[in-house]
Amino acid sequence: MADHAFSPWKVETRTRASSAFGLVALAVVIAAAAAPLFVSRSVIQDLFFILTMLVLAQCWNLLAGYAGLVSVGQQAFVGFGAYTMFAVVILAGLDPIVGILLAGITASVLAIPVAFFAFRLQGAYFAIGTWVIAEVVRLLLAQWKALGGGTGTSLPSGATREMFGVGLVSDWLGVRPSQAADIVCYWLALVLACATIGFIYKLLRSKQGLGLAAVRDNREAARSVGVDPGWMKSVVYLAAALVTGIAGALIYVQKARISPDAAFSLTDWTAYVIFIVVIGGIGTIEGPIVGVIVFFILLNLLADYGSWYLLVLGLIGIIVMLFAPRGLWGLFADRTGIQLFPVRRILTGASSTTKGVPHG
Amino acid sequence: MNWLDTIVQGVLLGGLYALFAAGLSLVFGIMRLVNLAHGDLIVLAAFLVLLLVTTLGLSPFVAAVIAMPVMFALGWVLQFGLLNRTLGNDILPPLLVTFGLSIVIQNALLEGFSADSRRISAGGLETASLQLGPISVGTMPLLTFLSAVAVIVGLNLLFYRTALGRAFRATSDDRETAGLMGIQPNRVFATATGLAMVVVTIAALYLGMRANFDPTMGPARLIYAFEAVIIGGLGSFWGTLAGGVIIGVAQTVGASINPEWQILAGHIAFLLVLLIWPRGLFPRAVD
Amino acid sequence: MALLETRKLTAFYRDFQALFGVDIRLEEGETLAIIGANGAGKTTLLRSLSGLITNQPGHILLDGRPIGAMPAPDVVAQGIAMVPEGRKLFPSLTVEENLQIGAYGRSGSGTWTLGTVYDLFPVLKERRNSPGTALSGGQQQMVAIGRALMSNPRVLLCDEISLGLAPVVIKDIYAAFPRIREAGASIIIVEQDIGQALKVADRVYCMMEGRITLSGMPGAISRDDIHAAYFGAHAR
């Protein structure tokens, strides 16, 4: 009886669209995992690019869209992760996979002093401060002669071909080792992208995630519901650094050649990422997914026009920010009410039980 | 190694950075607008001066005087038509819009002028030098520094001695109440950005005469400019000059130890200052 | 024709409707007092008149011309100046600069200049180079009034000028009002201090829940009327 009095009211975050989407998403992931069996090497490389940019975009979105940390210095972690992997392979002679895992650790270790410093700064100062720190890390690593100094270096030939799992894939699919290495990288990127989205989704649905929204919207309110905004921001910042570092290392396993200017490029690892998030829709998990697809299509449409590509991208970014500040996904969600990754809590069961005793 | 010489060169270099920063300081101080396209606007102005010098055969200084009203108009329209829409409590819109603008300007310049390095010829002024006691000082760096001081003095007079300056400060304090005084905040902001672009033109003149420039070098100038503004403290023009000098001296001292450390030393000086004084050296009492 | 009037003025404060069809008239040379409890809509009314809240053009008429949709800077140019609640001096400006900025949007000339404002409030001349916010509350209120006068307004709007001030200070400030009227300004004051309001006003409007509930000459309305208009009839 007591059950009946209380159970009709349920707090849910699931919506009908999201349940259906769950099945579709599962099918997409399975298809993506099986893609190397059907598509060409260049398509795999394109998909790898899309997935790694998606991971970077999700991380930046977590910082700027949810925690209010507008960083212009995420290239610090991409480059640091990539250099960690190179050091592990070239100096210690270990497998690149080990380097990728270590990159996550070193990037989050780097994030500790960076956060200690940058969190003393507010708003615009934070943005500029993170950028300067990324420059400092770039200039310091350019001094590391063993890794090529300012001009950079390449992975030893064979390092990726002898990477863990490559031989197996090569035999299994009957492809050359260099192609098998691309496939392994691609699968790792797929796992990383799914894990990142899963982690962020879980984080946002948790009590801590609710606190994070409170932190973004109102510092004082967050304190009053028992969330320590400083602590929450630190955790998010470190998590984003970890994932960004892993992504950076993975990107450079595939590139196999590194230089400080490329690995710490503001344009490649922060400007592009910001446009992906803004065009897709900041503050949603769907946004970066939409954004990366639009970004990739634009990239291919405008690839032959040199600097016009970036010019158009910049203009689109400005227009979206001014006229659709919640991005393409925001426009779509406003019209349809569809949420694929619902994090808002919905009270259900009320309409069917109105004849019961209302609880105030 | 002559330390006195190194310090003097650093101070003079700081003059250039202060010129990069002065316009940013004005805009940042009045409307808290972080203009990430500031460096690219300096490069744009340098190309404009170059164009006037090469097509009309003018002296660079005359060309800069002609470029000033053009840049003022550009800044006014940019602020009134675009940037005013981004102002508010949220820091993201101005950051992202000016970031987009930065990329647009950079790539438009690449399309128009190619990636080649250019230089504005100053007719032998580049190599001239003066003997000041024990040290030899380049005429061009000295001229840059004196121009920076003149710009800072001018901005201070404007800010603290004119009706427009009062309107700047009042609007910065409280937009709504400024409106009750008959001030149109959007026009005041547009005028401020227009003036900042006049200062940008002066910075561009020296940027182009002292060394080679190309369309992609804006963001690096922006970083130096921002460091100078932040070290100096929000809204203090003399602080901005001091910030430029600190970056300049740190760079020349760093370079005298190891040429590869020049830029690194400037950034580290900035981070150290910010670590100790998060609001800069001379923050305005009211913020 | 009235100097300034509202016709069926409705206005919103944030998301809430704060005014429901308010009609008031201000004649040339008149001083109006608007009284009412907290949340009655007095401040929203003044913010509408000053252009801080924009409305339908025809909701507010100056000399019969619609000004309801004008933003604040244009309204000032039309000759309506406001002393905002809480004084709102500019902290970056000195006392003298605060006064000077009041003349920013002035179109013509008139009685009020730095000299005549200093004559009206001599203490301000002594403190002319202090930051406006370094003054006592009463002196700050004098700066705020002087600042509004510097535009030589035809209509002066005063929002809660006695709030938080000691009675003797309030008396000093209201002592300046006859001279402000002599110089030709018509005045609307919003006050919670009913006694003070009734003393200076030619006519009084009482507001409750966004509507005018009472109007008349101060001598002609009783305390009971005001009480009823203030709190509603049932509260008696």
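Each chain gets a letter, A, B and C, in the order it is written, and its residues are counted from 1.
Just so we're on the same page, contacts are C-beta pairs under 8 Å (C-beta built on N, C-alpha and C of every residue); 3 or more make two chains touch, one makes a residue touch a chain.
These numbers were taken from a predicted model, which means no experiment stands behind them.
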Task: Pair of chains ranked first by number of touching C-beta pairs - done: A-B
Task: Chain nearest the overall Cα centroid - done: B
Open item on the list: Suppose chain centres are the mean of their C-alpha atoms. Which chain sits farthest from subunit A?
Closed with: C
TODO: Using mean C-alpha positions as chain centres, tell me how far subunit A is from subunit C in Å, no decimals.
DONE: 55
Open item on the list: Averaging over Cα atoms per chain, report the distance between subunit B and subunit C in Å.
Closed with: 44
Open item on the list: Nearest whole angstrom, what separates the Cα centre of subunit A from the Cα centre of subunit B?
Closed with: 34
Open item on the list: Which stretch or stretches of subunit C touch subunit B in the complex?
Closed with: 50-52, 71-73, 76-77, 81-82, 84, 88, 90-93, 97, 100-102, 104-106, 133, 147-148, 151
Task: Touching residues on subunit B, where the partner in the complex is subunit C - done: 163, 166-167, 169-170, 172-174, 176-184, 284, 286
Open item on the list: Under the definition above, what is the set of subunit B residues touching subunit A in their complex?
Closed with: 28, 32, 34, 36, 82, 85-86, 91-93, 95-97, 99-104, 106-108, 110-111, 219, 223, 226-227, 230, 260, 263-264, 267-268, 270-271, 274-275, 278
Task: subunit A residues within the subunit B interface of the complex - done: 64, 70, 72, 117, 120-121, 123-125, 127-129, 131-133, 135-136, 139-140, 142-143, 150, 266-267, 271, 274-275, 278, 282, 306-311, 313-315, 317-318, 321-322, 325
